[in-house]
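Structures follow.
First subunit A sits with subunit B, and in the next complex the same chain sits with subunit C.
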Partner chain A sequence: MDFGLVYPALVAGRLLLAFAPLPDALKHDHQLSSPLTSYPRLQEGVYLFQHGIDPYSGGLFRHSPLLLSLFSTALPLNKFTSACLWTACDAISAWALVKIWRARQRVSQSSRDSLIAAIYLLNPYLLLPTLALSTSTIENMLFLLSLMFASQGQSSPSLLALALLVQLSLPSAIFIVPMILLLLSDPVSRLASPREFNTYLSSILAKLGLWWYFFTEMFDHFRPFFLMVFSAHLLIYVLPVCLKFQHDILYATYILAGVYATFKPYPTLSDPGLFISLISLFPETYQYLRYPIVTTLLHLHSALLLPLFHHLWLSQGTGNANFFYASTLVFGVSNGAALLDAIWAGLRIAVGNLPEGYELIQK
Partner chain B sequence: MAAVLQAVRARLRRLLGTDENGTVMKIRRRNQFNNFIWKSLPIIRLILLVAGYAWMLAIPLPNLGRKTYIDENALQPGQVNTYWNWPDVLRADRYLADLEGLRDRNASSAEQAAYIVDEFKKLGIPSATQAYSFTGTSGVSNGTNAYAIHSSPRASGAEAILISASRISRTGDLNLRGISTVISLAAYLKGSSLWAKDLIFVISDDHLLGMQAWITSYHGSEQSGLVADPLTLSSGVIWTALNIDYPGHSFSHLGVFFEGLNGRLPNQDLINSFGLISVYTGGVPILLYDHRDPREVPHLESKLSIIPSWLPEIVKKQDAVKEYGFRAKNILRHVGYQARGQTSGVHGLLHRFRIDAITLFAVPATGPHGFHAIGRIIESTLRTMNNLLERLHASFFFYLLVLPSTFLKIGTYLPSVILVSVSMMFTGLGEWVDARWYQPKQSSIEEKAANGQAKSEAIPRPRPVLKALSIVLLTHLAGIALFYLRTLSLASGSETMSLLLFFLMASVPLIALTAHPSPPQAVAPLSKTLKAFNLCFASTVISVTSVLNFSLAAALAVSLGVPLSYSSPSRSSLGIKLAGYTIYAVLGFGWLVLCRKEVQEAIWNWEVLGAWFALFVCIIYSPLVLQAAIVSVLPP
Partner chain C sequence: MFWRNNILAVLLLCCTWCLATSEEFHEALTFRPLQDGRLATRFTFTTLLRGAYPRDPSTLQEEDESQHYAIFPLALGQVLREYAVTELHLTLNAGKWDYDHWGYPDEPGVGTGAELWAWMGESAARSVDERWKGLRNALSGQFCASLGSLDEQRTTSPELTFRPEGSLPQWGTTHQLRHGTLPSEHVCTENLTPFLKLLPCKSLTGIASLLNPHRLFDADWHGLGVHVRYLENEGIEVRLSFQSVFDPVRYSNGRRDWSLRSVFDRVIDRSCPIAHSSEIRVAIPKEETAVAITPDSYTTHAGFVYFNVSNASKPLDISMSWPDEQKFEYGSSQSRGRLSVSITNHMPITIQTSYLESMPWLLQFYLHSLQIYSNGVSRDDLISIVSYIPSVPHVRPTLFQAILTLPPKSTLHLSMDVIKPFLRYTEHPPDAQRGWDLPPAVLVPLLHSNSSTLDPGLSNPPSGFEQLRLPRRMYTPVLLVDLATPDFSMPYNVIIMSCTLIALIFGMVFNLLTRKFTLIRVSPEPK
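The block that comes next holds the complex of A and B.
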């Protein structure tokens, strides 16, 4: 299907959806936006700022000063502008994704463009947070823009977008190293290229837990230590992943996006959404994914159980926090399973098709 | 010595697979294990399915479960002296006489509401009426509620207890004695100053509609189609509520009805405290619903028991069998309410606002109890509810009451449905894996003999994921369209419309008969992939609903388990294919034609009360069966 037809159609559809009368409860939903990205808080902060009160003094407003200055001066926030702006962010992100694909394949257009745009614009993990007006949409756009400029070799726009992204969300600092490496190399796929195997494939064990429950159980005087540990945890993935995938830095960025989605302090649904949408850039790995249906089913279960247990705990009152915590653990496991699939596929593809009578094991 | 150590080390190395031969052994063992699992998959599926169903049948077994107990220590049921006595009974009789007079004069409900408000005002309790009107696809209903609020004399009135009686009882008769009890209770209760919570007395119109109008106005929640006057009197947050349903003259037992909308149950402590108080303070035995134990009334045993009469006498005589039958009857009644998301009484409308509520049904009999007993029991229960300092949270919210004082915890009944769901998941995953490999047929036996040990090579092939996903999406969209069409006002009550919808839904997917089989070595058959998605999704739905509404999940497991797991594209003639398809079509859409009264009720529940059952059946259940039907007509 022609990209020139499909893309505007999808964007128009998204725009219509953004203007449709949606329940207000979406903006307050905890899976779609976190305290760092919530739209009502953004509105509150802008209002306080415009009335001369410091919005950061209350602990309510945790967005970046960039957003504060943008929405209090250049772009007023109301129903019309926010619907347009958020749809535009998603449209730009989808377009950037298509450009990254084209740069990777070294073509100016291809038949998969429409599919990639559709995967981004119709992904429910990304659609729902945009409808909830979560600022994670803007963060995703900046990430994809930075990646696009890096794939095209334009260092200034890429680093500018990256700088803006890190300003908005500090854990994105893990993307600094791979982005610089990507600028120094080019994004063509070299996953399957023959190279020397001097290390065995090692299985990665990821301990998945979620910040908030852990921190509720912890004694106060240990908090700074664990905060440091959890923050440093994100950083320790940068170097190993970049080293292992130094031949294909775009894939390393993709893996790090998965790590970011799983381990960042205030995850929402848009982070795994970005990771899952990025998979469309690497169709060569599909046949080497280890258990894609298990990962899909895990994601399906957790996507259904998260709002159910949240409702059972906070609205209906018949469940308690442990139900919700268990479902967040399942969500963490599903993200981890997706990460493992991606890493396995990225490394397995180099071995290629096994001749008859040969088996592949891990030691 | 050293040689022994060497031998042991070599053996360990081989076992752990850390040497050359060990690696080979490790690979071989892994392959053997995978082959074993793969070959025994059909047996595993069957065992899990049978185990799940057997567990479900085992739920009503006698000696399972434990006796109910009070978990919230603040409740202290049955510890108070009650002072409700014959003067209060006399007052209730007077109110009853007035209400019967109104009934004999064919007075409208507005007149009755005016009378009730008048009586409350005479007692000195502030009261008012509320008129409401509901417009839905089945017509317009009007009514008037009457309510009174007695503020607690010494406390701030931040919380409240609701005592209600509806005009129409659950049996369809007028709930005259229930209303008299409530008014008389109001007169009696306002005499004491120990209430920590406000007491709200509501006489709602109709059976469910009046209370729906009242409670939604009280909490300020809007509802389309329902226009109700705003309430002029207000009070605090309601934590607990009692609904009195007393249609007959006297009663022998008090029945407890506790199911709420969409499978919600109240905290078990409320039922348990009421049970204790009824037996020990009031001397009235309690029942679940209105089920009397057949063992207690031998002369009615054949009528009350659900044990089939064709069983041999020697089996029917066993006490264990009788107990099993009684427990099963209680469970089936419960499942009937909970699976349909229906409430078993007026109390169910209150659960939405986090109010724990039950209905007390005075089982009509020539029996010994009347106003005196029920008044004392309610007084003591209200005193117990008055003791609460925080909402009921200690006892269970997920339980299965099998006898009035025996219940099953969630771990005893939930795994049955999960086993069925796991079996369906394994089937789905098996189909998915199977779809990937193409096994070319052996051309002749002698070639096989010539090749010796060689097994036929399985060629991997891509699976039509996008096509199967789009079929799944289309079936669900069809379900949404079906729901929309069926809830149109012109469809309500019309038999032809139901038949039309049935034939529409059943015939459109027959387009799949025209699909050409794709070459099996190039791409996996669509039927296999669709079946895989169908089963995985159905399994997910069953698992996820089991935590929210166990009866619905059990109903799904029973109706979907076998048909979906064993759907298969048949290679035989068109006739057999169509026969199989018809079975699925009837399973998935037959309810449109066969259960029209049920469908009407479900739609009414959706419009008025917000029960999800109608939506669920149209959007989830029917599309799942439809997908299995499509699998059976696709080329293999």
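The block that comes next holds the complex of A and C.
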């Protein structure tokens, strides 16, 4: 199908959906937005700032000062502008994804363009957080823009987008190394100084990832040690993955997006959504995936159980925190399975077709 | 031959008839819809032993005359005679009776936990305390409640408060009262089962068949009571009661309509043949909204609707519905809620009051969602925020100060969204499920001396305006907020499971990244 037709149709559909009367509960859902990306908190911060109270003096507002200045000066934050802005972010992200694909294939147009745009714009993991007006949409857009400029070799816009991304979300710093390698240039230090509190997990209101329940049930004595362990754990994946996939840095960035989705401190559904959407850039790996069915079913399983157990625990009161914790563990397993599948496929594809009578093992 | 058989039959009939008239069993069930959408129910099972007399404590040395009961519960009767108890009251309640919203209960004994009190006559043979001890242990065995621990450390004799509800027979000795409470006693099915065994029809037929423990012990408040008293010209009366307050809004997801099926999950299939009278009463609510009661076979008297269970067609299911009402809504979740304050100004002048809310950090405000309604109209001009210091989790509370302007003779509703955090393991108090108490908000009325604050509709200021004395400080009631609690038995499990998952993923990624691929030949070399 023609990209020029499909893409505007999808964007228009998204815009209509954004203006549809949706339940307010989406904005407060803990799977779709975390304390760092939640829209009501953004509204509260802008409101406090406009009334002369420092929004950062309390623990409620955790967004970047960039967003605060954007929404208090340039863009007013009401229903109309938010819907338009968030849909525009998603549209730009999908367009950037298509450009990355074209740069990778070294063509200016291809038949898969509309499929890639559809995968991004129709992915429920990305659709729902956008409808919930989570600022992770903006973060995804900056990531994809940075990746797009890097694929095209334009270093300044790429690093600017990366700098903005790290300003918004500190764990994205794991993308610094692969992005630089992708640009094949010297490290440029135009990065804004990152804010500190993301690593201290001071609010365990996030519910989706592997961190929150772990740190809830921990005794205070061990808290700094495990915070250090978990943060360092996220960083140790960067160099090995980049070294192993130095022949194809874009694939390394894709793997690191998967690592980011599984292990970051305040994950929401948009992080695995980004990872899953990026898989559309590497169709050559599909035949080498070991167990795609299992991964898909695990994702489906956890995607159905997570909101159910969340509601059962907090709204209805008949469930326990353990129900929800178990479903986040399943979600972690499904993300891990997808990650492992991707790594295996990326390595396996280098070997190519096996001659008759030979088996491939790792030693 | 013929007459002999018949005489035997007639004699047998006369005997049972005599026995039957000497014992009477009445059962009743009363429903009272309450103003907050709840439903108060009360089961009463009364057995009257006519012509009976409590045992004289002076005869405790001798052998007791044998008692024959047909309907009167034997186990209870034996206990009463063994310890020569004149009057006995035992209640086992769970929950807090909300007098503000539910009014006065039909049975006054609504103290939480177990409460036992008895009037016993003095005796030289066995002291009252000795018999009290025996009575406690006997009843604790009978009802599976730990009443045996109501020893002298918990027993008192408050004769002014607990007056005898029946008559005390004149034996020449004084009666003494013994009273004990156990507020921490839990009530459950174990206590209901022996209770049901005391009924003549058990829980098989009649009104007692509605006693479904799954529903009864799920109610907002429930209590069972055993009351024995001696009535002067009648005999000994045993009244077994079960009161509960249900929440039909919770079961039906928004409506306060109820029926026997929806409340008890049962209907009455057969009526108890031994019952002298068996009726269900429903109080008609005093509001103007239309109420529909089915089935139609009832009589009305004095604000109550009466159903005769023995005559009604079976299976009997009574229902009450408010057909014109929309949803009866309330509620929040454990992750967020709405804090609201309503202030009523009864005076004919505008009053300005400072409103202080100092909230611990575990309830965070969304100031942008602050809404002010005065008599139903949204009025954002009636509040001006003086200072707001937001809370920092684990460090400091919220301080919110504002000036509210209250128009004359109006009610102001202030509400805003709040979010509730998820606390760490060590931050929860020992009774974490109780919730956290929130400090009250403080209002300080300020009075302006200039006349611009007077209601322009008044031509003269009200008399005594100069001497108006406003309270210096007013406090709102304390609130209780429930937060989501983790599973406290799980720290080790959580740590090992999370760490296992992370280690597994790390290990497999490490494996994939560090090992080399090699080809090995599996089929034999071609010759």
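Keep in mind that, in the parts below, the second predicted complex is superposed on the first by the 338 of 363 C-alpha atoms of A that agree within 3 Å, B and C clash if a C-alpha of one lies under 4 Å from a C-alpha of the other, contacts with A are read in each partner's own complex, and residues count from 1 in each chain.
Rule of thumb we're sticking to: a residue touches a chain if its C-beta (ideal position, glycine included) is under 8 Å from a C-beta of that chain, and two chains touch if they have at least 3 such contacts.
Keep in mind that what you see is a predicted model, and the values were worked out from it rather than measured.
Asker: Should the superposition on subunit A be reported as showing a clash between subunit B and subunit C, or a fit?
Answerer: When both complexes are placed onto subunit A, subunit B and subunit C end up clashing with one another.
Asker: May I ask you to decide whether A:Ala20 touches subunit B, subunit C, both, or neither, giving the answer as first, second, both or neither?
Answerer: neither
Asker: Taking the superposition as given, does A:Ala232 touch the first partner, subunit B, the second, subunit C, both, or neither?
Answerer: neither
Asker: Check the residue A:Asn322 against both partner chains and state whether it touches subunit B (first), subunit C (second), both, or neither.
Answerer: second
Asker: Subunit A residues in contact: does subunit B have more, or subunit C?
Answerer: Partner touching more subunit A residues in the overlay: C.
Asker: Have a look at where A:His301 lands relative to subunit B and subunit C in the superposition and call it first, second, both or neither.
Answerer: In the superposition, A:His301 touches subunit B alone.
Asker: When the two structures are overlaid on chain A, which partner does A:Ile293 contact: first (subunit B), second (subunit C), both, or neither?
Answerer: First partner only, subunit B.
Asker: Once the structures are superposed on A, label A:Ile361 by its partner contacts, choosing first (subunit B), second (subunit C), both or neither.
Answerer: both
Asker: Figure out whether A:Leu312 sits in contact with subunit B (first) or subunit C (second), or with both, or with neither.
Answerer: first
Asker: For subunit A, which residues belong to both interfaces, subunit B and subunit C?
Answerer: Overlap of subunit B and subunit C footprints on subunit A: residues 317, 356, 359, 361, 363.
Asker: Along subunit B, where are the residues that touch subunit A in the complex?
Answerer: 23, 26-27, 30-31, 264-265, 354, 391, 393, 397-398, 425, 429, 432, 457, 460, 532, 536-537, 540, 543-544, 547-548
Asker: Using the touch rule from the top, collect the residues of subunit A that touch subunit B in their complex.
Answerer: So the residues of subunit A touching subunit B come out as 287, 293-294, 297, 300-301, 304-305, 308-309, 312, 316-319, 323, 356, 359, 361, 363.
Asker: Quick one: which bits of subunit C touch subunit A in the complex? Just the residue numbers, please.
Answerer: Answer in residue numbers: 333-336, 361, 364, 366-369, 385, 388-395, 398, 417, 419, 421-426, 484-487, 490-491, 494-495, 497-499, 501-502, 504-506, 508-523.
Asker: Considering the complex alone, what residue numbers of subunit A touch subunit C?
Answerer: Of all residues in subunit A, those touching subunit C are 28, 30, 40, 43-44, 46-48, 51, 53, 55, 57-60, 202-205, 207, 210, 212-220, 233, 237, 240-241, 244, 262-263, 313-315, 317, 320-322, 325, 329, 332-333, 336, 339-340, 343-344, 347-348, 351, 354-363.
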